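Each structure below appears as structure tokens.
Shared between the two complexes below is chain A, which has chain B as its partner in the first and chain C in the second.
Take a look at the complex of A and B:
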């Protein structure tokens, strides 16, 4: 046993980069997929709408922990596919992000009046041009506050990756706590770091909500 | 050949037959006003001319070309036929200039260098040159509707459709929009309007079409129609509209 020292402090902050890395990976792969989900959910093809809705429903109904277990432990057992932990975790967080962000963005897209599509098509714009220049920018404004809100969820959700041995912030906390026998101090510090990470985002989301009330 | 030829058009929504065999010709440069009670099929007919709705049977031709939602050059067709809606439908996230120039730029009608000049030109025609940098939400209803008209004019359409464009406006704002439309009429634009503004119909239109129960019930020059309606339905409509 040793006392809590600078080295522990440093190791917590060093682990922070994995937390950030997981968030970045989740967004990098999850956001494009979320866009696909969102547009698929408002497609005029019923089959595509149902398929997307089913995918989203499944992912949303499974706990994030369950997703992580499935891709890390389940895939090798059921399908005989052994994937590196980083890949398994990335896939799980990607699906998680895509499902929730996709629904948020779908809500934003549907909140834009149908007449806006019509106005665009009456000016001779293609469906893609209507989406790209008329619908998507308005939907983005509407979706920005809940999107930032989800980001906070995602940051906290990365702590679950500690279960698969990722030394991100939560796991580093366990390690430091075990080494120093100072769980209270250690976890308080971990909590403070999460808080410092999420608070600005929450405040930003609030101010966005006030500023972009959808009127423009 | 008439600019717009409508032949025995039928249109049903669910179980309701909204158009029950409508035939109508509109010549180039003509101002035709469609009047009638709510539910008589006026707006539906207008939307069919622009392929926003597809007719069930019969046919509509504009400049000789058959109109339907799957026509191969629908996008080009829509640029030739402008439509202005009751609810303006400006793009709220874009300034007035961009509202006007978006479609001409995207469809390749003009290049970037000429965009602002085009916006200035059409805004001048609707008397709003000073609002080029405004956001739609900063404008009154009447001004928004004039911007919507300017946005249509920017596509240099051959035909313009107006779907109750003054119905959502406060009474004191109706006049400014009608004045713009009157000026367009004088410049020779072919226009088909659905309106409840009987004064405008009487003074500006070349021809009034009275629709009733999904049919063209009676039509003719405004002076004749308003003075001597042939059918009791039109007579009672005129009486109630006064």
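Take a look at the complex of A and C:
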């Protein structure tokens, strides 16, 4: 047993980079997929709408932990090759992000009035131009507060990667706690770091929402 | 891929699912109590109490549930409060759910226009009557969708209790995995069970919502 020292402090902050990396990966792959989900959900084709809705419903009705284990053990099985843990974890977080962001963005798209599409088509804009120049900017503004709110969910959610042995902040906390026998200090510090990451986003989300409220 | 070795563990799976449901219901009820008390405190006049509740909400909503469970299970024994795994998880999840409930319930109460309450008072209704007949029904209806979706998230979130070895469904999965080495199959089945439970609750809540909130909406 040794006491909690500077090196433990440093190792927690060093592990933080993996927490950030997971968030960045989840957003980089999840956001485009979320856009596909959101536009698929408002598509003219009923088949596409139903498929997208089913995909989202499935991902949202399974624990994130279950999703992580499913792909961690499932990917080698489906692909027949060993994949690094990071790949499996990224796939799980990507789907998680896409399902939740997709629903948020669909809400934003649907909140823009139908007449806005019609006005665009009266001006001779193509469907893509209507979406790109008229609908998307308004939807983006409406869905920004919940999107930032989801970011907080995602940051907290990356702590579950620790359970697969992925050494991000939560896992580093477990390691340090076990080495120093100082769970109080360690977990308080880990919680404080998550808090310092998430609180600014929460406050930002709230101020965005308040500003939106005033302008309508 | 072979699911057959799992068949003989169906009793363990059912027991695990029951513990998961218990954990969910306990945390939901305790969390809703915290939510009501917190919402009352937030709308109240005692400023330090308001700050306390605000601090509680921000603290629990901006840190991972997993870390909260670890703190209750591993840290509280340092202060002489040693809780078994299930109880520790129940306490941590109640506090987590409570932090979200306060905001949901307060938003529900705030959604009722003030002039309706004043109108009730003008009609000579007592404070309780105003609360019961004017404030509560629309507040419940407005908070209902958020509470139910948060409930489903709680159900899925109880899987984290497996990390302190509370014997709920996800922990049972680990047990079966260690016996059969059928990792993928076990977790695939577990995902299906969670999915079935989540969808059942969603359907149940939709039916209850339709039945309970039938009066016409104000346009």
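The rule is simple: the second predicted complex is superposed on the first by the 205 of 216 C-alpha atoms of A that agree within 3 Å, B and C clash if a C-alpha of one lies under 4 Å from a C-alpha of the other, contacts with A are read in each partner's own complex, and residues count from 1 in each chain.
As a working rule, contacts are C-beta pairs under 8 Å (C-beta built on N, C-alpha and C of every residue); 3 or more make two chains touch, one makes a residue touch a chain.
Since we're looking at a predicted model, the values are computed, not measured.
S.K.: Tell me the contact category for A:67 with respect to chain B and chain C: first, second, both or neither.
M.R.: second
S.K.: Figure out whether A:170 sits in contact with chain B (first) or chain C (second), or with both, or with neither.
M.R.: Second partner only.
S.K.: Considering only the touch criterion stated at the top, classify A:181 as touching first (chain B), second (chain C), both, or neither.
M.R.: Touch partners of A:181: none, neither chain B nor chain C.
S.K.: In this superposition, which partner touches a larger number of chain A residues, chain B or chain C?
M.R.: After superposing on chain A, more of chain A is contacted by C.
S.K.: Per the contact definition in the header, classify A:134: touching chain B only (first), chain C only (second), both, or neither.
M.R.: In the superposed model, A:134 contacts chain B only, not chain C.
S.K.: Using the touch definition from the top, say if A:195 reaches chain B (first), chain C (second), both or neither.
M.R.: The answer is second: A:195 touches chain C but not chain B.
S.K.: Identify the partner contact of A:50: answer first if only chain B is touched, second if only chain C is, both if each is, neither if none is.
M.R.: Neither partner.
S.K.: Quick check for you: in the superposed arrangement, does A:116 touch first (chain B), second (chain C), both or neither?
M.R.: Touch status of A:116: first partner only.
S.K.: Taking the superposition on A as described, I'd like to know which of chain B and chain C A:13 touches: first, second, both or neither.
M.R.: Touch partners of A:13: none, neither chain B nor chain C.
S.K.: Which residues would you name on chain A as touching chain B in one complex and chain C in the other?
M.R.: none
S.K.: What does chain A use to touch chain B in their complex?
M.R.: Residue list for chain A touching chain B: 113, 115-116, 118-126, 129, 133-134, 137-138, 141, 215-216.
S.K.: Would you tell me which residues of chain A are touching chain C in their complex?
M.R.: 57-58, 60-67, 69-70, 73-74, 77, 152, 156-157, 159-160, 162-163, 170, 173-174, 177, 183-184, 187-188, 190-191, 194-195, 198-199, 202
S.K.: Flag every residue of chain B that touches chain A in the complex, lowest number first.
M.R.: 50, 52, 75-79, 82-83, 85, 87, 89-93, 102-103, 106-107, 135-137, 151-152, 155
S.K.: Over in the complex, which chain C residues touch chain A? Could you list them?
M.R.: Touching chain A: residues 1, 58-59, 61-68, 70-71, 74-75, 78, 152, 156-157, 159-160, 162-163, 170, 173, 183-184, 187-188, 190-191, 194-195, 198-199, 202 of chain C.
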